[in-house]
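Two complexes come next, and they have one chain in common, subunit A, joined by subunit B in the first and subunit C in the second.
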Partner chain A sequence: MNNFFIPPAFVFIIAAAFLPLFSGKVRSVYLLLIPVVGFANLINIPHGNFWAYSFLDYGLHLIRVDKVSLLFGYAFHLITFVTLIYALNFKRNMEYVAGLIYAGGALGAVFAGDLITLFIFWELMTISSTFLVWARGTESSIGSGYRYMLVHLLGGLVLLIGIILHGQETGSMAFNHIGLGTVGSYFIFFGFGVNCAWPFLHSWLTDAYPEASIAGTVFLSAFTTKTAVYALARGYAGTDALIWIGVGMAAFPIFYAVIENDLRRVLAYSLINQVGFMVVGIGIGTELAVNGALAHVFTDIMFKALLFMGMGAVLYRTGKIKATELGGLYKYMPYTTIFTIVGAASISAFPLFSAFASKSMVMSAAVHESLYFVWLVLLFASAGVFHHAGIKIPFFAFFGHDSGLKPKEAPMNMLIAMGILAFLNIFIGTFPSFLYNLLPYPVEYKPYTADHVIFQLQILLFSALAFTLLLRAGIYPAEIRSTNIDSDWTYRRGYRAFLWLIDKPVLGFMNYMKKLFFESIPGKLKHFSKNPMAIIMLTFSNSESRKHITDCIINEEDAYLESMNIHWSIGLSVILIIAFLVIYLLVFMISLL
Partner chain B sequence: MSNNTNQEEKKYIFDNPKNLKRLLTVFYSLCVVFFALDIFVYKHIYFDSEKWPGFYSVYGFVACVVLVLVSKYILRPLVMRKEDYYE
Partner chain C sequence: MNFVEHLHVLIVAIPLLAVPIIPLVGRLRLDFSWYFTFLALSLSFFMSLNLLMNVWGSGPVSYFLGGWRPPWGIEFHFDLLNSFVMVVTTFIAFVSVIYAKQSVANEISYDKIPAFYAVFVLFFVGLFGMIATGDIFNLYVFLEITSLAGYALIAAGKRRYAKMASFNYLILGTIAATFIVLGIGYLYMATGTLNMKDLAERLPEVYESRVVFTGLAFIIVGLLIKMAVFPLHLWLPDAYKYSPSVVSAAMAATSTKVAAYVMMRILFSIFKIEFNVIGIPITELFIYISSIGIIVGSVLAISQTNIKLMLAYSSIGQIGYIVLAAAMMNPVALSGGIIHILNHALMKGGLFFVVGAVAYKLGTEKISDFRGLGKRMPLSAFAFTIFSMSIVGVPLTVGFVSKWYLVTGAVASAHWYVIPVILLSSLLTAIYFGRIINLMYFSKKPDEGEIIRNEAPFGLVAPTLAVAGLCIFFGIAASVPIEIAAKAADALIGGGLWK
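And now, the complex of A and B:
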């Protein structure tokens, strides 16, 4: 059995099922072995489609391996391994199990050979990742988790509708290039868009990620949006709409990030900003652009996880994550400070750090296609990301004003995890050919030319200069304890409009109908049935005779015998009616004989 | 982190205002050097605006100033609510 392998997703999901059997050091060893075994399994799989099964007469494949899916596979195994190291000091199983199933779901989705398999693992990710949000255990995280799940279930439903329509339209469930055109293709497009955090569909991300548990946020930052980028690259490369969607994603979050107080929420906004670069690359669709988008997926997983780990370590040691409550921690958490600065330099695309090798490919692709406006916005976003993620995160957490907090340095396992990622970010940035070799198309791009290095440093230095001058001049917005409303307002506050709609017009109408059919019509009928003749005469008479008739009706009622004033209860009437019906039934059946 | 033990309290690198001043001096001079480097380096030009001397420096600076001003004076008044707004 030289070539025995199982779907990469199964390794993680099966391993998660057995996790509760272990505890203590054994559990730690077991946890770290999972991605290692998974990786050994992964490199054993040749290119091609395997594990065929059939569902609703469609021939499906659990695994499809090519260069694109392998790139994501490597990145997901690597980040799971490092995040598990980071999480080792947590006692509860919840995050491990949820994280492993979530990683399994992401692997299942990127290795899926068809749309149905993709959808199954897509939903598995939604369910498992919700538990990572809930794992924080605070009241706000529970509410946030519910909102997160509802948005993703809705997105999943849109995707499912699209897949069914697409299957009907093309007669195949194969997941290759789809492109916009048919109705089904639009549904699938937007289904992917929800997970990709497109503008206005993005608020689940900035709502839930900062509320998730410390290790949970690191897991979350790696999988959902990246899987969506994979799906878009597979199905919609070269779709023009994606260029503009990506430009929006790259631009708008940086404004929010500047005024946001919760530092993990700043990172959540910058996550959308980075995914924007990838979406632009997919939209441009040339070999260089798609290579750049996929390279940026790889590096973004590394530096975004590192930044979330750094902020997670601060949260773990101080219990605080708001910029207003932090500052001056470099004295007590020097290693965390250094690792976070490496992450900050990487996301900002400093030469020798990872994003320098990947983001610039997307920028160059825009230049080659003469997309001047797109290029200007991406340049603006590059300056902005250095501003809010590169400077703001380290500055407000570790420098700035002295918060008076004196925490211990992060635990050893967290430092090791951050150290590995810091090393990888510098390694990829310095020797990008290792990453370039994994990309689907041959790479001729050379990031280290004299003018590219100097231009990049000019942008970064003068962004920093702007920050420094604005801060010293007192213009830089002071951090304020606040909530900034975003598109999640539509469902967190918009539900009130919905409640009003239900309460006033809909329930009001139903109330009216209830009164009409159960009170006023029966009341009138009752009145009418007492003395129909008198009522009819009442309607067609003048006031004198009306008085006379009314008197007559009253006299008539007075004339009833006591025995006629029996009040029949409704139950008694119903029983009598049923009895009559039964008799009718019997008569009918007897007549049939 | 270089820190010299001083009697009881540890002194850290930025506790000394001189160090901050030194850092800023180095930083400002780097800005000047890189702004000047623009003239000497051979540029692969694709767009006209790249020809302007110091385009990247000016763009980076202006971009960040605009970013901060827009965030502070336009976005914040629009979206900022009390911290317990949703509770």
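And now, the complex of A and C:
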């Protein structure tokens, strides 16, 4: 093989640019070729830094290839390929273009050789993923897309400031281990944290993902958080704060996921929960823990996409996604049911399913480091996952009460996509060594020991028991229509309060002042100055002559004052100018004294 | 002197000579007036490119008008800073004249077209002169030329209120010009010279004098009006809104920027940086007002329903960036400010081009009418998206380069409180441009039928796309303008003046 290759991101971005030229069958073939070509390009790249360029006075590298970035590269190519199959029957180009650029951005970010390159692709992801949310075109998706974009732009700015500070502190833009310490490193840390959906920074995820288009959500679930996990693994492995952040991420979404009614939102919460495992692994920072975190990234991409695809197929066929409105679909969508159950088993870490091979690595690492409390919380989180994602999703969508819906089975391409992912989940779960070989550190870990299997099964059984008991007792909360208050409440309200503040008090006050000084008072003065004699006469006259005089004055009014209602008047400007000049002169004179 | 040495003065002289010719040839055939305008302005553009390369290669160039040596005669002096600004301005003149052909034919009644082009060229002559001149009184003369032409151009708008907007600007512009000439008079009183280099040499002796302080105060307030820095911006929104599309674009892209250049020239070249150190907190004042201006401009832009007004308020915020960059008094931030002159000219000019194209096809300036533009006018909508992203500061566009240098500069001179301002305004910008992108591509009315593609003519779309391409080009290959800006900034700050 020759050694010609281009940055993996470029394959997708360039391909996206030419997409609008194709249509129909040709477009489908073209779409599926993109990740294949990309993959052929990817396996051609040797380890090292390539594609040097200079930007903003820094010498940079577009790609840096090592085992960590390659792992993400493989996963991203795979998931793009499958998602494109899944999305083939959609008509609009917008989703494909945005999705491909988004995938390209994620690839660019994980292969970025330095912080500036990382930031460029980071922002590219923000923009293109916003378009994916908007692509659904509903009222609520537009609102969510806005909030999503603003949160990420804010996170991006924090990251940018962090990068600039870090660059000034260290004098280089290299992206290696950063670690907490300097001001810049904290900024970068939080910049990553926004995309990683840390507690209190997470609400963009649960807000926007369920509102995105059907294929859009699958794309979204694969890239943003995983890229952030990559960035944390690169820059902050072994940072203690991450352990506790990760524990929080793993634990708190359980409660929200259990009471949530929108099934795609349930999955969004469980996404945060799974990312929590990865963050804990990175925080522990031992070889086993980082291996576990990265392995879990790979498996999570597979099973989370599968679950989102299953729910997307339901939404596609029924137009409904609330637990209360669904149920009994297994008769009509049997394949979708089976694939979703495979996904559910995988996320719950059943033996022989993918997460079993990856999640337990993180937990064993916690035990190795004697972090027993962490281990306990993760255990609770594992049980919770099975509860809300493993049972609740399939149960309320496909079993449960009969909703009376009689949809058709999902289209063939969706089924193929789900089938591929279901196969991969079982394959990785059964033969984990294929995955372990891709990991950056050598793996001695053996998932299939007798006590591990039995232990895992016990957790799952008791969790299932709890679900059954709750359901039988009739107090299971999911079948209630409700809106749950999460931390996005603060900025939704905050934004509204801000708009109100601008609209009512500030603009109101300004309008009042404008009216008072530039309409009422000048109006009165003008009225007076037009004919002072008449005004004086008015006060000393009888009613008949008063009417006559008033008429005379009114007739003299011209239209000019009316135009002042709409536009800024010259007088106002002149007063401001004079005020400015006076201020300047005063300041100058005072400083001279 | 041979011909090549005269090239530099011809940048100003050729358009100036074209001004009386254009209406005459316009009487022969209507088309000719455009061809002459195009010829004059494109010659200026290519000569200024040549000028920039000369200055880059072999240092500053002086030209003595009529062979009179300064400080008696008038001098045109080109260093990196003003050759750079000159290239930007002539480039905008060049593209807007291409854009003008169809836009003007649509918006100006045909018997007025030759006169319109003459005034249009005159407007640019004034700007070119302001940039080129090395004589402070000559600067005032060119400022008046460009202002008077500007009033006429605004009044050429179709709507009735255009006259009022023009009158409004006329009053304020006259006050500004009066202030500037007063200030120049004071400086002349104190030093007895009008040549900028000479002033820079003689002023340090009289830095303590009240006359100098008063003079500077007048000049600064005058320039602030011309730059439309908040709160002296009140003439600007109406002026942009009511003028013809091409005039809005050309003005928004050039005139406030040239005033900003003059401010830099006065603050850094004529007065040296030590003046600020011993004397008065001018720069502190500048930082405060420009920070407030950036935020207020963005907030007001959010509340607009007319696209031209929105862009006008956004301009008020953006000019704040340039002032802020200059006021932070360090080479990195200043080079960000200089580069923002180019970047903002490209972005704002391009945005007004798109707005003009929409007005040409749909006859509307309402933001809500941008709904579905992505289908209706795909190329224009695409260009608009690129410009908006650029203003928000997305990487790989020119806006990001400006933002990068501004934040780096703020960090370098420890102006921490500036960072939240930049951050907040970036978000506010994203709000009001995000809204339009959303309308163009995603929002649809339920009762709406199939949208028919109805793109603006090639003559409007081509320059727009060219400018959009440059927005991306200079966002990626940023090193060329950055090197120029960084050298210019070093020369301004480093005390080694007029290098």
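FYI, the second predicted complex is superposed on the first by the 493 of 593 C-alpha atoms of A that agree within 3 Å, B and C clash if a C-alpha of one lies under 4 Å from a C-alpha of the other, contacts with A are read in each partner's own complex, and residues count from 1 in each chain.
By our rule, contacts are C-beta pairs under 8 Å (C-beta built on N, C-alpha and C of every residue); 3 or more make two chains touch, one makes a residue touch a chain.
Since this is a predicted model, take the numbers as computed values, not measurements.
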First (subunit B), second (subunit C), both or neither touched by A:584: second
Touching partner for A:509 - first (subunit B), second (subunit C), both, neither: neither
Which of subunit B and subunit C A:168 touches, first, second, both or neither: second
Touched partner set for A:94, first subunit B, second subunit C, both or neither: second
Touched partner set for A:127, first subunit B, second subunit C, both or neither: second
Partner chain(s) touched by A:56 [first = subunit B, second = subunit C, both, neither]: second
Contacts of A:18 with subunit B and subunit C, given as first, second, both or neither: neither
Which of subunit B and subunit C A:431 touches, first, second, both or neither: neither
Parts of subunit B lying in touch with subunit A, wherever the complex brings them together: 1, 3, 10, 12, 14, 24, 27-28, 30-31, 34-35, 37-38, 41-44, 46-47, 54, 56-61, 63-65, 67-72, 75-76, 79-87
Residue numbers on subunit A that touch subunit C, as the complex places them: 54-57, 94, 119-120, 123-124, 127, 130-131, 134-135, 137, 142, 145-146, 149-150, 153-154, 157-158, 160-161, 164-165, 168, 502-503, 507, 563, 567-568, 570, 572-574, 576-577, 580-581, 584-585, 587-589, 591-592
Residue numbers on subunit C that touch subunit A, as the complex places them: 161, 164-165, 167-168, 171-172, 175-176, 179, 208, 210, 213-214, 216-218, 220-221, 224-225, 231-232, 234-235, 237-238, 279-281, 285, 299, 302-303, 389, 392, 394-396, 401, 403-404, 407-408, 411-412, 419, 423, 426-427, 430-431, 434, 438, 441-444, 476, 478-479, 482
Footprint of subunit B on subunit A - complex, ascending: 140, 254-256, 258-259, 330-331, 334, 367-368, 370, 372, 375, 379-380, 383-384, 387, 399, 449-451, 454-468, 470, 475-477, 480-486, 492-493
